[in-house]
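In the part that follows, the structures are each spelled out as structure tokens.
Across the two complexes that follow, subunit A remains constant while its partner is subunit B and subsequently subunit C.
Showing the complex of A and B:
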């Protein structure tokens, strides 16, 4: 595609308001209300299944939303984002099993490790375009997966990290208590989403949209495209890793499937399902996907076929995610179509 | 790490021959898959993420045909033709709908088919490992070259792959159809304005790519075990091959595949746990030094 064509296809940008503070307060308020509702939920619906579902939503939701920072905001289609999910789960699990450090220390240390690995992998990958980027990230995902499988003495090979993850209480929080784990997952989810929202709405976030729409033009006006892409690649990896840690805490272990390529494929599908043009699209996609997956797995052992057909329906039939339709519908009702760039 | 074993092998002719032939057959099978991938990319500008499934179907078709007819030639033929038809249908019915769309859509459609095809194989042939068994014609004592063991089947495999490389290379460079295909890769709009049915060319190239992957699967069936999902690791490796060789280049695919094959067979001696890692390391070195691959400039 030539730059002229790219320029023609580009979506119009909302210029960020100079005083972004009111929006920031509004986002923080929404996050706080959401957290309070989630935290009060167990008082009314004590069902363990529902809480489990929300914990899984938190893990997958952070992961999928962080992928949207790459796919939707920067136009970098990573097909290996799941490696950071797996890294988070294994890093955290190993840290707790082998060293016995307090949970917050292990949390921060895992993020630090993810940050270093993502910076190295990103430095190699982000100069590549479209399909090359997608496949080379995928190749790195497979490298990490095969490392996990073959480094048996450390990771337990294909059996995964077994024997449970010890979680000594800290600051009055006991993560082996199901309710505490639930509240902690919700807190991580809400904080993570709020942070990602801040990134997306910051001047840096608008730089990313510009890189997506026309990287050449962005570099002409003095933006270091490589650096912007690498920064968002590492940031997204950190949130994916957080999702992986929630997952490791939830299942009390880590399995090679967490780092397998299918988990990246699922994240891409989740983004497609919810829609990549809204910030909360991937979150909606996560809920739909988990409900769909649970239902299909219960009904048939061939859930690949059913999922595949649903994906085809969305990719060829609708070509849009669910939230895109909602946004369009709202915009139409307001009679101001076109005002829905993220 | 076991560098002594590697050094020991490099100094012994017997081991050198054995490892080189095993590297060559890995490389040749990869070449057949990768050349289809690179051809489809060169002409259609899409990466067929479900290409591994064609390899898998080729192997299963060959196994079934062999069990039914007991003829090795028919097994190879049905592996190749079956996947060619599958490729044609797949391209016309689905892939052709997402040519204009962005990469995300193309990847998703292929991803959907990876899931569907794997489950279809699981439904028809069952989830367990299957094997075709070596055909009777090749159950002869192996050849000894300089003390190294070379099964005759390996020679057939290498010969077929080399023949395919030669026919493809000459066909694209010399024949009229080859010219049309290269023209369509370069400027499809102009080609169709000259009265050539580009849809047919696209379908044909996709079928050819699928057929080559299916042939690779059929050739691999006697020496590898068959399982649903067997195509995926082949896909990743052949993608690494095309990245190393340069997308769209047939010669690049051949060289890349041979390099990967040799790295795998000699790497398994020196670094048994890090064989796959060596492959990725090599890819990273190539990408950093030559982002378009070793032969990236040429377009098929």
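Showing the complex of A and C:
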């Protein structure tokens, strides 16, 4: 029997098949359990510091995970993803300060604005390849940052949006209450992650993987590569914007740093820390990054150097993110165990 | 029926495809041969939309494909495999097939359901069995042998159920024995699937043995078309390509 003929008898083989449905319920269940644990946390650990940490994790986590939809799943290295984080923070803050609409309305309106701007910027950028895409996204980030700085009458320039963001209670939720804000942030985080997980595991998610692996081949099986890239660019922007809104609520303001290119750099840093081959890698990276940032800034003013050394360790030492490393290690262990039990 | 009408393409001053007109009847098997730089790959690239022709028509059942994008042309039913296996390295064989069927069913942008979709299974399964890849379904494409990667590339084209299948050197980079296995497979697919197959091949022994119809390209022009016997006796072909001695000398 030749190699080419071998497949004819394959039907009799009992091969595990990919099954889609249980996965979906499993993910929903995990999300639910995670949310319940997070929601019950304040009852046991009342520390404001811990809750603050988790709120920041929610903001940065949504932002970094959405970048991974571009970087890890589609192979689009955006250096300007932070502009949508800033856009979310400023859009939401301005809407609440200037118009006084209810929080949910401002939330949806900010997403709508982000969607339009991301579609316009994306339409220009996604045709570009690799380094050109990276730099043009970076250029747009700088454009938005300078707009914020120079449009003083609207944005307060380098002072940022000051005077606090009003947050009238809605549906019994009062976001000026720290606990309410905490629960709302957790809910947004869990729902956001669940939605992104759905995107990653949908047929569209596999279209993205094909585009990443081999865009030319993808177009020769009938995929409109440009459309796929633009779609994920806009979707990712929406989640980044949500992260920005959580951040604006948390600090009760918005500052030009939220839209500066370094925020994009931090998201890339987080992705490198956590790893881009697993869905939760960026989330793990977020926690590592924030812990690292908090402890290092407390201990030394040269925190930049320490962060630099850490990233060198991950990039050169492990050559992958933490979650990539863990997943490979577990797979190896399993492989070895399998060899012992034939 | 695939009809090529006065197709031309130049790169700078070089005419890579020069006023080529050809008919490929439904269900025919045709080999395209020619020395390096004869414009064989360019010819395929024009038909599949990778390159835009300067002039001419590519009629698939009367509909002009010239100047359309690759996704459009694929959806009209012209599939292709590549000289260097063009696959998705990080996807498994099965995922590759399932995702390709998804794309063919216009479900590549579906967001609200989970991959893989139940309605894509049968076709994916069928294609894997046709190419003998079913027992390697869980292997990532990158870990497959060279020969299997070429098969996966062909499976990717075939799973879309094309009317016309273009194979750019299906045996490239293979040893003698593997070549024959591959070409037997190509012939088997042609016979069982009843589709139009056009393939580029360098090995003259293979071409003369299995192709009922041969097209000889040289400097972007058609030098000759016909049955293996007619090509063998064609003076222009002998002079320009096969050489005065045995045709084995032309084997790439």
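Assume the second predicted complex is superposed on the first by the 316 of 342 C-alpha atoms of A that agree within 3 Å, B and C clash if a C-alpha of one lies under 4 Å from a C-alpha of the other, contacts with A are read in each partner's own complex, and residues count from 1 in each chain.
Simple rule for what comes next: a contact is a pair of C-beta atoms (placed from the backbone, for glycine too) under 8 Å apart; a residue touches a chain by one contact, two chains touch by 3 or more.
Small disclaimer: the values here were computed from a predicted structure and weren't measured.
Of the two partner chains placed around the shared chain by superposition, neither subunit B nor subunit C is touched by A:176. When the two complexes are overlaid on their common chain A, residue A:209 makes contact with subunit C while staying clear of subunit B. Looking at the shared chain after the overlay, A:293 reaches neither subunit B nor subunit C. Once chain A of one complex is fitted onto chain A of the other, the partner contacts of A:138 are limited to subunit B, with no touch recorded for subunit C.
Once chain A of one complex is fitted onto chain A of the other, the partner contacts of A:223 are limited to subunit C, with no touch recorded for subunit B. Contact with subunit B, but none with subunit C, is seen for A:147 once the two complexes are overlaid on the shared chain. Once chain A of one complex is fitted onto chain A of the other, the partner contacts of A:199 are limited to subunit C, with no touch recorded for subunit B. In the superposition on chain A, A:268 contacts subunit B only, with no contact to subunit C. When the two complexes are laid over each other on chain A, subunit A has no residue in contact with both subunit B and subunit C.
Across the interface of their complex, subunit A is touched by residues 41, 47, 94, 97-98, 101, 103-105, 107-109, 111-116, 118-120, 122-123, 232-233, 236, 239-240, 243, 247, 273-274, 276-277, 280, 283-284, 287-288, 291 of subunit B. Looking at the complex, you find that subunit C touches subunit A at residues 48, 50, 69-71, 74-75, 79-80, 82, 86-91, 94-95, 98-100, 102-104, 107-118, 128-129, 131-138, 145, 147-148, 151, 156-157, 160, 181-182, 184-185. Taken in their complex, subunit A has these residues touching subunit B: 71, 77, 79, 124, 127-128, 130-132, 134-136, 138-140, 142-143, 146-147, 150-151, 261, 265, 268-269, 272, 276, 302-305, 307-309, 311-312, 314-316, 319. Contacts from subunit A toward subunit C in the complex involve residues 2-11, 13, 15-18, 20-21, 23-24, 198-199, 201-207, 209-210, 212-214, 216-224, 227-228, 231.
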